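Here come two complexes built around chain A, the first alongside chain B, the second alongside chain C.
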Partner chain A sequence: MSDLYTINKSPFEKNSLDSALKFSKAGTAVLLYEDAVYAAVKGTAVEEQIKAAMGDKKVYALGPDLAARGIAEDRVIDGVELVDYTGFVDLVEANDKVQAWV
Partner chain B sequence: MKLAVQVNEGPYQHQASDSAYMFTKAALEKGHEVFRVFFYHDGVNNGTRMTTPPQDDRHVVNRWVELAEKYDLDLVICVAAAQRRGIVDEGEAERNGKDGTNIADKFRISGLGQLIEAAIQCDRTVVFGD
Partner chain C sequence: MSEVKKFMYLNRRAPYGTIYAWESLEVVLIGAAFDQQVSLMFVDDGVYQLVKGSKPADIEMKNFTPTYRTLGDYGVRHMFVDKASLEARGLTQDDLIEVEWEDWETEEEVDNIVEVIDADKVVELLDESDVVFSF
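The block that comes next holds the complex of A and B.
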């Protein structure tokens, strides 16, 4: 049993990333999309939180939403996997449940 | 995989209706079944045919309609949310004494039971918006 958590808000605007990670279990897949892609950028205040989460969880970011915000792929934290919308669909299929953290 | 999609936000205000559309399109193109798209809260505004964006902007409403025509999608608007926001079909116009309708083709107005049924019927329910 695995869950996909989707997060759509910047961690500098809302605490949905905090909440999602707090309630997540080992093996949870976390997808950052819309403004949540800012959490995937290197050198921010949440970089360590994302790196810690990757210890037992998989973190993904939606590539088109990074591109829409002018964030080049080389600015993304190492280990965060980029997916497109088809990859988003694959994540939904690969996990048993999808929980949107708003 | 059988999917239900829930859209909670209006067009041109929040990215949710764009994200939901892109996700739904990708799922359909991969051969998955989208059992229903349920428009709730401000999401009901995705279903008015009166929307007229500038010509060089995406037409969020028509985009849903075209996807529904291509894949025979069931686009359902929540009735209580629609009444509050003035989304009207013929039945609602008659029931509430309105002088016209504005619902877009391929959309229909129904109740929350349709969302619950979709969640029961489908393998996954994916929620977009706040």
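The block that comes next holds the complex of A and C.
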């Protein structure tokens, strides 16, 4: 079984994304929400970091937080799975534990 | 009559995730009553405040993009955006809202006061401001 890592800070303002990815093992589920959804967007300075993480981890982003910030779904990096609040709950339920990288 | 000062509001935080952007907007609107020369600067994650198309209904927050669009009517004459901050986030000026400005006395009009500038210009504008408010 694997863990769910949640990240809610902008990757351009805090190093939460860096640390979460650095200290995660293969198979970890990574959920980006609140300001962390900016990391899920194509063409940013952290796009390669997300793509590299998807090599052995699954990355999710919370749809309502993307919509709030004006990010259309077609601007999300291919392979990042969008979830709604119910999907968030499903991820919590499906993993052993939740670790929040605040 | 008192001397007119150059006020600069420096915005460095993304909207919605924290209260900074909203607080800045509130202070700008309050400050507008004092007839000073008001400019806004958006750098780092602050550039996200001007991204158009925000739909925050599902996160149960107020959409404050329409408020930015009215700033020209509150005496804000310039809204500057740091080019490098936009580029690092995969954004261009096309992703940003437009803000109109009109001088009601002279009827001078500007279609869009949102201006993308480089870092040297940011430095220059901060330097020539009398007061810089940071958010």
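The rule is simple: the second predicted complex is superposed on the first by the 102 of 102 C-alpha atoms of A that agree within 3 Å, B and C clash if a C-alpha of one lies under 4 Å from a C-alpha of the other, contacts with A are read in each partner's own complex, and residues count from 1 in each chain.
To be clear about the criterion, contacts are C-beta pairs under 8 Å (C-beta built on N, C-alpha and C of every residue); 3 or more make two chains touch, one makes a residue touch a chain.
Predicted model, so just to flag it, every value in this text is computed and none were measured.
Q: Would you check which partner chain A:Arg69 touches, where first means chain B only, second means chain C only, and both and neither mean what they say?
A: second
Q: For the overlaid complexes, name the partner, chain B or chain C, with more touching residues on chain A.
A: Per-residue touch count on chain A favours C.
Q: Just checking: does A:Val59 make contact with chain B only, chain C only, both, or neither of them? Give me first, second, both or neither.
A: Neither: A:Val59 stays clear of chain B and chain C.
Q: Looking at the overlay, does A:Ala40 come into contact with chain B only (first), chain C only (second), both, or neither?
A: It touches nothing on chain B or chain C.
Q: After lining up the shared chain so the two structures overlap, which partner does A:Asn8 touch, if you call chain B first and chain C second: first, second, both or neither?
A: In the superposition, A:Asn8 contacts both chain B and chain C.
Q: Following superposition on chain A, which residues of chain A contact chain B and also contact chain C?
A: Comparing the two interfaces on chain A, one with chain B and one with chain C, the shared residues are 8-9, 34-35, 64-65.
Q: What does chain A use to touch chain C in their complex?
A: Per the stated touch rule, the residues are 8-10, 12-13, 34-35, 38, 41-45, 47, 63-65, 67-72, 75.
Q: Within their complex, state which residues of chain C touch chain A.
A: 13-18, 44-45, 48, 51-56, 58-59, 61, 65, 88-90, 95
Q: Would you pull the chain A residues touching chain B in the complex into a rising list?
A: Those residues of chain A that touch chain B are 6, 8-9, 33-35, 64-65, 84-86, 88-89, 92-93, 97-98, 100, 102.
Q: Given the complex with chain A, which residues does chain B contribute to the contact?
A: For chain B paired with chain A, touching residues are 1, 3, 15-16, 19, 22-23, 25-27, 29-30, 32, 124-130.
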